[in-house]
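In what follows, chain A forms one complex with chain B and a second complex with chain C.
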Partner chain A sequence: MTEGEHTEPLHLLAPDGSLSEASSALPLPPQLLEPDLLRALFRDMTMARRVDTEATALQRTGELGLWSSCLGQEAAQVGSAHAMDERDFAFPTYRESAAAWVRGVDPVALLGLYRGTTHGGWVPDEHRFALFTIVLGAQVLHAVGYAMGQQRLDSGGAAIAYFGDGATSEGDVHEAMVFATVTNAPVVFFCQNNGWAISEPVHRQTTVPFTQRAAGYGMPTMRIDGNDVLASLAATQWALEHARGGSGPVFIEAVTYRMGAHTTSDDPTRYRPPGELEYWATQDPIDRLRLLMINREVAAEDFFVEVQAQADALGERIRAAVRGAEDPEAGLMFDHVYASDHAQVERDRQRWSAPFAEGGVMA
Partner chain B sequence: MSEQVFALPDVGEGLTEAEIVRWRVQPGDEVAVNDPIVDIETAKAVVELPCPYAGVIGELLVAEGQVVAVGTPILSVTGKSLLIGYGVMSDTASLPSSTEAPARTQAPESTQAPVNVRALAKPPVRALARELGIDLASVTATGPRGDVTRADLYATREPTAASAGERVAVRGIQRTMAQAMVRSVHEVPQVSVWRDVDVTGATKLLAQLRTDPGWAGVRVTPVTLICAAMVHAVRTTPIINSRWHDLADGTAEIETHRQVDLSVAVAGPRGLVVPHIPDADRMNLHQLATAISTLTERARADLLTPAELVGGTITVTNIGVFGADGGTPMINPGQSAILATGRIMERPWAINGGLTVRPIMTLSLTFDHRVVDGAAGATFLAAVSDYLSTPPSSP
Partner chain C sequence: MSAAPMTMVGGLNAGLRASLDHDPRVLLMGEDIATLGGVFRVTDGLAKDFGDQRVFDTPLAESGILGTAIGLAMAGFRPVVEIQFDGFVFPAFDQIVTQLAKHHYRSAGHTPLPIVVRIPYGGGIGAVEHHSESPEAYFVHTPGLRVWTPSDANQAYLGIQAAIACPDPVIFLEPKRRYWDKAEVALGTLSADDAERMWSSRTLRTGSDITVVAYGPMVRTCTEAANALAELGVKATVIDLRSLSPLDLDPIFASVRQTGRCVVVHEAVETVGLGAEIAARVVEECFYSLEAPVQRIAGPHVPYPPSRFERHYLPSIDRVVAGVVQVMAG
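Coming up: the complex of A and B.
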């Protein structure tokens, strides 16, 4: 499933809502067109976008310290996360809020990380979804390590590593791919190429498609339209099955676009060339699924109205919960340093908390 | 009915202030949560702020163009019914409504002038009016509700518009430059020395590089060689590439940098910017030339990132391009020296008792006299001069 240089990304669902001809490179399993699944994908992308816009607004009003928007990348994340089953485990960056939504992570818990009220936000095992990783590329190694573990346990589960185009330049990602291929680990490398690594355009990361590089490690690759939720789902399903079945790692490049800033601390108008944003606005992942659903009469206007109402209710719930979030006790920072009790950490905790308990002030 | 006040948030990571660029709402406008209300410009970006409350815009507490600290109240929002502002409104004065924008330019009093109405003004403005001996009723009010503002009071004491000069608010890069220069003059005891240099050698080298096929496509200018000369001279006088640190306990330390991050003053489209080339001392002349031309092109295209605009360990500024020969450049705060280079002019030049004509350039060096003494400053200047007079033949 490797493809040549500079070919168009594989897609199933075009921006006008039409389905492309099934190809051997990326077949369209008929169950992907089940009405319930299409409705679920639409709902999840819409809810994820609402989480994103609310988080941006909360940051702009001083309620969050920072936000890293996934606006425009909903299809890549929602499609791939839908491909996971109960044996799989995802390792996200800090931009996978749409994937987190699919994995059942409460957005309010997630935003705690950005408000500074938690160091994590959720229990990874409960969602098969690791904590957001800020260190660029580190989670790709975690995913491979996890996959090698599953291989040794013979659990039949696979890992999916999320990362961006910029992270591919990190040594960690190279090391992860070396280990994954030589150990034949059950891991899917899911690279969202969103065009920009903060302010560096993708041509500063590579002169060939990322899939060509990945093929050099010796794994099958697929380059897909990342704004096509069906392509994302079909490709990731195929890749996870390949990995779970003992055939080794797969690399997927989902070509998408970061419609917002790198984070709220950044000003993309300083470096984004004119016309780029306008072009990608015509490629919107949610709009094209809506068109497909209308064409196929999978949903009518009342469905879309209902989903929008649910999304707005979610926005209000998030807003109220984030604004009302209480500051955590300072001692919380000692809680998860080690998995088990640790004498040094206990001493530190006591030294830290004593002055507060006595109503005094630290010198 | 509750009034809620929106304070300017830190929309970056550790920003302290922002400029109110443009209000997107006016008092009396109805707003929903997350409606855009204002564009602000921070040191990093222009961003649009959404409204955290639903209701009716009460007051815009900060004017466009003003720079305010994070935490400053900028806007009040009330419930759907209207809140009357400070002072007493006459029956005839119109309340702000969503269809009719309240008078920002003229007070209700001045249009309708009921004789017994007290002029609108906030208590501190009233106090200031008393202090200045100004009758509030005589002032043209420009506040958002037709109230007299502090600026209105000062305006009555200023020359009339006909005789006053044009005033422009100081913003953005100019403001950054102004702050840096004030800091420099207040904090750094600085001394300037200068020296005329015969740059025949540098001129020949430039001509040679421009015809060298290995240098095709690389832009080489006198600044290229001046930068190379500075990096070379720092090796002879490392103290010039240092930073003075005042410590909390009243003592001080001097940090001599291990690398040369060479700041280059460039006239960008929005004003003077001083981006830097990191690790200039690790570059050969070819790499340095490329780095300089990339940096200046990016500066002129306004593409520099905030990270490039701060930092640097020593600065060079070419005042020759503007036709100046020499001067007393001011130190970029956080550094210990700045070199200004003047025009290259043919001048009479005496050598071994004979008179000849040579291309001459004046170098003006300003240094922090807490860090660098006169001897070190002169040694550095001599090393820059030597490089330009007789540059290495094959750099």
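Coming up: the complex of A and C.
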């Protein structure tokens, strides 16, 4: 394999907390080392992890039907979401709970999807963060269409499409890259390669690096260490600026690892090779940022204690809110099927609300 | 308002032009629709007059067309997409059914997707495989979609404007065998009330013996069958559904309570087709008025056949007449 050789992912922050030499492929803008930004990145990754562990616990106690954990992927998501500005719009899969946190989506609202009280949970326009999309790759086309809209509005905004290594095999992702390149749409394809698509390893999806495929469509690509929040932020900032400036789409592969199961219904012990999890535990995105912050003296122990307390409070708030959530009233099932009245919906709404004896369907 | 004789293609073109004029958010997108004007020339001249940002050719990827249209709608546009032929909508079926139809519901009403999917449908033009399908039941079966089909040039002119003005996604099925039929088109602005009225069925003629329900390409067939039946002394009411979702069935129930007999005619396969739903509803609502079983005149349970068979496959005037005569004898 020569053409298909995987290059080492670009990184800025090593697992031991040291900063790498600045390279021309991925420069480190000095403002990324501002103490306030480092603290915000640390706080967001920690809070996102707390949302994740709380959601897993809530599923285990029967409060959620399912949870798809992003454990281990916090740097890829938090870094990329921090790169967005007020003109940009993100299109997530169902695993972007850390990105959702950065976009200000209340975790309690987000968990409605997994509890079964809603198929959505937030107002996309308020957060510039689309609803979670479960059908693999479908949202990547939405991102490209949104970006084509920004060209027509001359807004200067860009779209960012999140998807995983498995979704790259979907036709929609291929079509999205065709549409994006031929229209020069301002969109960033942000692929989190977390190693697994449920039980299928990456070599079931591709024989060449994902970046090589993307380059074939005619766009710049970058392969980064997805557990390095500074690399994720720097690469996505560069990509969004490239897209917003009219230079077209960019593809980023963030090499990371799904530390948890695919979902709470999955059992990775059936397919994960021994030692893999242990290796990736040494690559933890939060640990390495903590080491950097300690080394650079941008945070002391009291900061980490404070963040942990905030995370614990968040966990308690989520737990109480989810456990106390009432099931929605039956009649709400009929709302919002259409934006305008529809005879079949209204007929069924009436039949479901009437007792059986009066011609309804409910006993 | 001025009236002009036009083909259905001309009526659609004029309706699209009116919508593009009326609302700057309206975009047309699809394969070969810009420079060529569409393989049926429905969008002829519109790219030239409205520019390549509003009327544009897409790559040849139907799921991509629907998926990017959804993104454009999320950005505030009102895309009207053309699927070149009925048989090519299926690569886009996933985006239509799992994304387009559900998004208003999923977003609790915050993000409507006002997208029109224009699809030339039905047979009768001697086409090759995948160019003569009648896929309406799939879409009518899907909550969140509206489905509409014109039967003549004037209906097409008005209907396409109503579909574009609608806040919901609309599957707009164009009966391609009627594309070149001419009718008087009443040109003019469609008011909101006019647009709302397009979502109802319309009674084309009233007769006391039997209620004939049709839509799209079969409306002309049934009107001509009704003329032939009149010569046989059978007086038929003919109702054009127009809107397949929602279904406006009250006028059909009212008519069947008068006539006591009903046939439903469509090209699509009879099994679980629109006729099955309409027959079931007529039996539920009009059981004690019925003089005979509701009859369906529709496609047999075979794939759309090679075109040399289609005169046997498609409901013809003779088949409609024969079916009605049979119901009258029942």
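Side notes on the structure shown:
One rule holds for everything that comes next: the second predicted complex is superposed on the first by the 345 of 363 C-alpha atoms of A that agree within 3 Å, B and C clash if a C-alpha of one lies under 4 Å from a C-alpha of the other, contacts with A are read in each partner's own complex, and residues count from 1 in each chain.
As a convention for this text, contacts are C-beta pairs under 8 Å (C-beta built on N, C-alpha and C of every residue); 3 or more make two chains touch, one makes a residue touch a chain.
Please read all numbers here as calculations on a predicted model, not as lab measurements.
Shared-chain residue A:281: touches no atom of chain B or chain C. In the superposition on chain A, A:309 makes contact with neither chain B nor chain C.
Looking at the shared chain after the overlay, A:142 reaches chain C, while chain B stays out of its contact range.
Of the two partners chain B and chain C, more residues of chain A are touched by C.
In the superposition on chain A, contact of A:60 is made with chain B only, not with chain C.
In the overlay built on the shared chain, the residue A:269 is in contact with chain B alone; chain C does not reach it. Once the two complexes are overlaid on the shared chain, A:176 sits against chain C while remaining clear of chain B. In the superposition on chain A, the residues of chain A contacted by chain B and by chain C do not overlap at all.
Across the complex, chain B meets chain A through its residues 6-7, 9-13, 33-34, 44-52, 302-303, 305. Of all the residues in chain C, the ones that touch chain A in their complex are 27, 53, 58-59, 61, 63-64, 66-77, 91, 94-95, 98-99, 102-112, 114, 143-144, 146, 166-168, 245-249. If you check the complex, the residues on chain A that touch chain C are 89, 91, 118-120, 123-125, 130-131, 133, 135, 138, 140-153, 159, 171-172, 175-176, 178-179, 182, 335-340, 342-345. Remark: chain A residues 53-54, 57, 59-63, 65-66, 199, 261, 264-267, 269-271, 319 touch chain B in the complex.
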